[in-house]
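First chain A sits with chain B, and in the next complex the same chain sits with chain C.
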Partner chain A sequence: MTLRAIDYQAVLALIQSLMQEAKVVAPHQREGERQWSFEEVTEPANVCLEYTSTVLPPKKYAFPTQERFLRYELGESPKAEPIIEAEPLVLFGVHTCDIYALNCLDIAMTDEHVDPNWVARRKQMRIVGVDCLPDEYCFCASMGTATVHEGYDLFLTPVDGGYVVEVATEAGEEMLTNIPTKEATSAQVAQVKAHLNKKMQQEHKLDCDVSTLPLHFSGVADSELWEQHAERCYSCGTCNLVCPTCICYDVLEQLNLALDGGERVRVWDSCMLEEFATVATGENFREERSQRLRHRFFRKYSYLFTRYGQPYCCGCGRCVRQCLVHIDPVPILNDVIAESQKGATVRGA
Partner chain B sequence: MALNVSTLKAEPNLYTPEMAALTEVVPQTELETLFKFELQSGNPLGHEPGQFVQVSCLGIGEAPISVSSMPCPEPTFDLCVRNVGNVTAALHNMTAGDAVGIRGPFGHGFPIDALKGKDLLFVAGGIGLVPVRSLIQMVLANRDEYAAVTILYGFKTPGEMLFRDEIAQWQEREDVDLRLTVDKPHSDWDGHVGVITTLFPELEIQPDRTKAIVVGPPIMYRFVLQECKLKGIGDDDIILSLERRMRCGVGKCGHCQINNKYVCQDGPVFTYNDIKFMWEAI
Partner chain C sequence: MKPRVAVFSFTGCEGCSLAILECENELLGVLNLVDIVRWREAMSETTEDIDIALVDGSISTHAGVKRIKKIREMSKLVIAIGACAHTGGLNAMKNKYGMGEVKEVVYGPDGAEFDTIPARPVSAVVPVEFALPGCPIDREEFLRAIKELCMGKMPKLPNYPVCVECKRKENVCVFFKGQFCMGPVIRAGCGAICPSFGEGCEGCRGFIDNPNKNAHQEVLAEFGLTAQEVMNHFSMFNSYKESEV
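On to the complex of A and B.
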């Protein structure tokens, strides 16, 4: 691992130089709001590297909200061909939680079958991470995502006068060609450690070690806690739409106006929506809101955790930040933990 | 990257259907029709009984449909389809010569090797016979590889009976014990009346050598599973096929998830043992 020091002017120069060779997207503050979003950079000075969380995760660049993936012609001999659209892209200013989430989705999107559109985009993606400090919704310290060890080319940690930059890959090394950097001083390295210590101080936290979460889920399927928490839920699906690790999608057909061809499009979907598990005959396998809420939690902290060996939640807090009724995963998870420990005591008695 | 995506073998055509021509339309019931297809590539579909394909009516959409015919070396296969959604409605408007797109076959089919040498008890309710037919055809084509074959097939009214000509042939075979039932008495029916579980008491089953293949609507499973248990059939020896909403067919879109399984990848065929602790299964 190489650590360099880079000042603010050099960061702007870095963004400018990346813009010469690829599309660069980075967090921008929305006018007049304490909200941020990843947008294409047109002016490096407008990039905001000190932000808590964007509304949508940068996942949207690997898995667009709407993505056409098939083009077809109708008529005498209909035919269909894949559409795989990808371009060189730099994600600049990505937090550890969002890097973790992209790493998660690499696994899900390539397990058994390799999703061609996902891989094409990821292959052309370079990532510059930036470290942050949590707000009251973040719980990355509990999820083990306050630090991340792969999935980025450069990683910036704020220190006095600029950043310490970790050069993680050859691509990262190349990015810094012609950018003035210095060797990080021991004082700066100490500041990096202090920053991480500060980041880890989170009140919003789980009552167990994250690695034991699937065990806690093993006995709570029939618990009343799902109905209790679902009582407030509007089943609107916002939590899914802002989630960096959600990947469920629906498929739509877009026939052109001449009716002689069209495209097939995938769009983000939500397992909280009522029709998500409904089949053509009308049978709905998760009819109740509480069943859908339970499914969402089991999928993130049990099913995919068990299947792929890591939680499919990055602790970013977007779901609660955007929820109309403030449904927060942390107290729900702590209820799961408490319930499972209660059960264990009863069984042990 | 945590996973080095650049080293992965891409599947550029994962979501691209290959074209197949509709060669024959064989009406079945008011709602169901049997469609015969031929792949334009000239290659066989390469499926196992119990697998499904994603059928595209380009411009309308895509739907998962079980393959209803046994594997064969020709590029032909059957789909028997109920007219209930927009894709299946579009299929019902097609005539011979029209083209559809096909992706797949997908998922795990019936465990053929585990069935060999066993007594087979088929229990099919309604359109549950559609996926089961591919297995029955294969078993009957290789009849000496299996012991006793019993087929129970239940439907609501006589008009809802599928594959009439073929069932008449099964009925004539001495090496097949076929029992049909309709749910309620009907003027056009002089056979057995009652839900499919009413056929069980008369069956003589040797549980240690029997595999039950049970496919039907969700409501049927709980009752048939009880009957199978009463007959002493083991949980690993009861084989089911489950239906779910599906989009991708390859374990990505999330719709078909039942607890920690994807029906499109881990199923649609499961043993009862696989699913008995999955509260969302049935």
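On to the complex of A and C.
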């Protein structure tokens, strides 16, 4: 691992030089307090590297909110061709939680069915991470995602006067050609450690070690806790739609007006929506809000966790940050843990 | 045979039938799919053999009741288009006052002469096969519905709230900018156009099938609305109640 030091001016120069060869996207401040989003950089000085969380995760650049993926002609000799639109892209200023989430989706998107659109975009993507400090919703310390070890080319940690840069890949090395950097001093390396210590101080935390989380789900399927927590739920899907580890989509046919061809489009979907689990016969096997909330939690912290050996939640806190009725995964998970421990005591007695 | 389509207007601004004319680029394509056989906005012909009647406006006069019943008899399908026809729309706000009072306020002392009854959606008078919501209707949704009707399918509206489309557009939620919004309980399909322009949703498309109204009342109150203001937000486009007519 190479550690370099870079000052603010050089960071701007780095963004500028990346813009010469590719589209660069980075966090920008939005209207409203503490709201940011990833957008294409047109002016490096407008990039905001000190932010907590964007409305949508950078996942949108590998898996757009809405995307055409098949073009077809109907009629005598029907034809269909896939649409894969990918371009070289630099994601600049990505937090560890979001890098973790992209890594998670690399697994899920290539598991049984390889998603060619995802793969094509990820291949052309370079990532510059940046470290952050949590707000009251973040719980990356509990999820083990306050640090990541792969999935980026450069990683910046703020220190006095600039950043310490970890150069993780050859592509990262190349990005720094022509950018003035210095060797990181031992004082700066100490600041990197101090930054991480500070980041790990989080009040918003789980009552168990994350690795044991799936175990706690074995006895809680019928618990009343799901109803209690779902009472105020709108079934608005926001929590899924802002989530960096959600991958569900709905498929729409967009026929042209002549009705002789069209495009197949996918849009982000959400398992919290009332009709998500409605099958062709009209039957809905998750009719109640509480059933849908339970499903969302089982999926993230139990099924996928067990299947892939890691949680499909990065602790970014977007779901609760954007949920108007404050449905927060941390107290729900802590209720799950408490309930399962209670059950264990009863069973053990 | 192309379906024979007619357009009828009742009480409203006729903005929804105009919205159809505004599909400039697609209008020719639409005319390839259907025959427009009757339409006051655009032509003078009249016919009584209709496959699809598109009806905008709410029913708010005795004469209107008679006319919509006649249209129902002439048409295979009756499709309500726009908020007025779908929910009664803004027109139904007058229902909470007595009709005498309404006439007086709107037309002055001569008002008593006017034929006015509480405004109601088309479906309150005759059965409708489908309602296309919105004030005005959404162009894309209209075109999709026409295509589906031509393929012999009944169109289907999203049964999820405006927030879904709002999030897909990465709007900053207007609640976080000190504004109010009905989006969490209102049916999507407009592309969250109001929040996308920085305004809260006023609910012109009507409620989703199972809105969590209690939660939304609490949220509006939590963000600072008084009970009366909460009521106003709920009733702007959605005040029609059978009990009042």
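Please note the rule applied: the second predicted complex is superposed on the first by the 345 of 349 C-alpha atoms of A that agree within 3 Å, B and C clash if a C-alpha of one lies under 4 Å from a C-alpha of the other, contacts with A are read in each partner's own complex, and residues count from 1 in each chain.
Heads up, the rule we're going with is that contacts are C-beta pairs under 8 Å (C-beta built on N, C-alpha and C of every residue); 3 or more make two chains touch, one makes a residue touch a chain.
It should be emphasised that the depicted structure is a prediction, and the values quoted were computed from it without experimental measurement.
With everything superposed onto chain A, say whether chain B and chain C fit together or clash.
fit
What is the C-alpha-centre angle with chain A at the apex and chain B, chain C at the ends, nearest 10 degrees?
It is 70 degrees after superposition, to the nearest 10.
Contacts for A:L241 in the overlay, against chain B (first) and chain C (second): which applies, first, second, both or neither?
second
Classify the contacts of A:S223 with the two partner chains as first (chain B alone), second (chain C alone), both, or neither.
A:S223: touches no partner chain.
Determine, under the contact definition given at the top, whether A:P116 touches first (chain B), second (chain C), both, or neither.
first
Touching A:T306 in the superposition: chain B (first), chain C (second), both, neither?
First partner only.
Hey, is it chain B or chain C that touches more of chain A?
Partner with more touched residues of chain A: B.
Answer with first, second, both or neither: which of chain B and chain C does A:N334 touch in the superposed model?
neither
Looking at the overlay, what does A:L324 touch: chain B (first), chain C (second), both, or neither?
second
Pick one for A:Q35: touches chain B only (first), chain C only (second), both, or neither.
Touch status of A:Q35: second partner only.
Considering only touches as defined above, state whether A:L255 meets chain B (first), chain C (second), both or neither.
So A:L255 meets both chain B and chain C here.
Just chain B (first), just chain C (second), both, or neither: which does A:S17 touch?
Once the two structures are laid over each other on A, A:S17 reaches no partner at all.
Once the two structures sit on chain A together, report how near the CA atoms of chain B get to those of chain C, whole Å.
7
Across the two complexes, what residues of chain A are contacted by chain B and by chain C?
In chain A, positions 255, 259 sit in both the chain B and chain C interfaces.
Please output the residues of chain A touching chain C within their complex, sorted ascending.
Residues 30-33, 35, 37, 55-56, 60, 65-66, 231-238, 241-242, 255-259, 267-268, 270, 273-275, 289, 322, 324-325.
Residue numbers of chain B touching chain A in their complex, please.
Where chain B meets chain A, its residues are 1-3, 5-6, 8-17, 19, 56, 58-63, 82, 84-85, 88, 99, 101, 218, 243-245, 247-248, 250-255, 257-260, 265, 279-280.
For chain A, which residues count as touching chain B in their complex?
Touch residues, chain A against chain B: 69-70, 72, 74, 77-82, 84, 103, 106-116, 119-120, 122-123, 150-151, 221-222, 247-251, 253, 255, 259, 261-262, 264, 266, 269, 271, 276-281, 283, 285-286, 291, 295, 298-299, 302-303, 306-307.
Along chain C, where are the residues that touch chain A in the complex?
26, 29-30, 32-33, 143, 147, 150-151, 159-161, 163-164, 167-173, 175-177, 183-185, 198, 208-212, 214-216, 218-219
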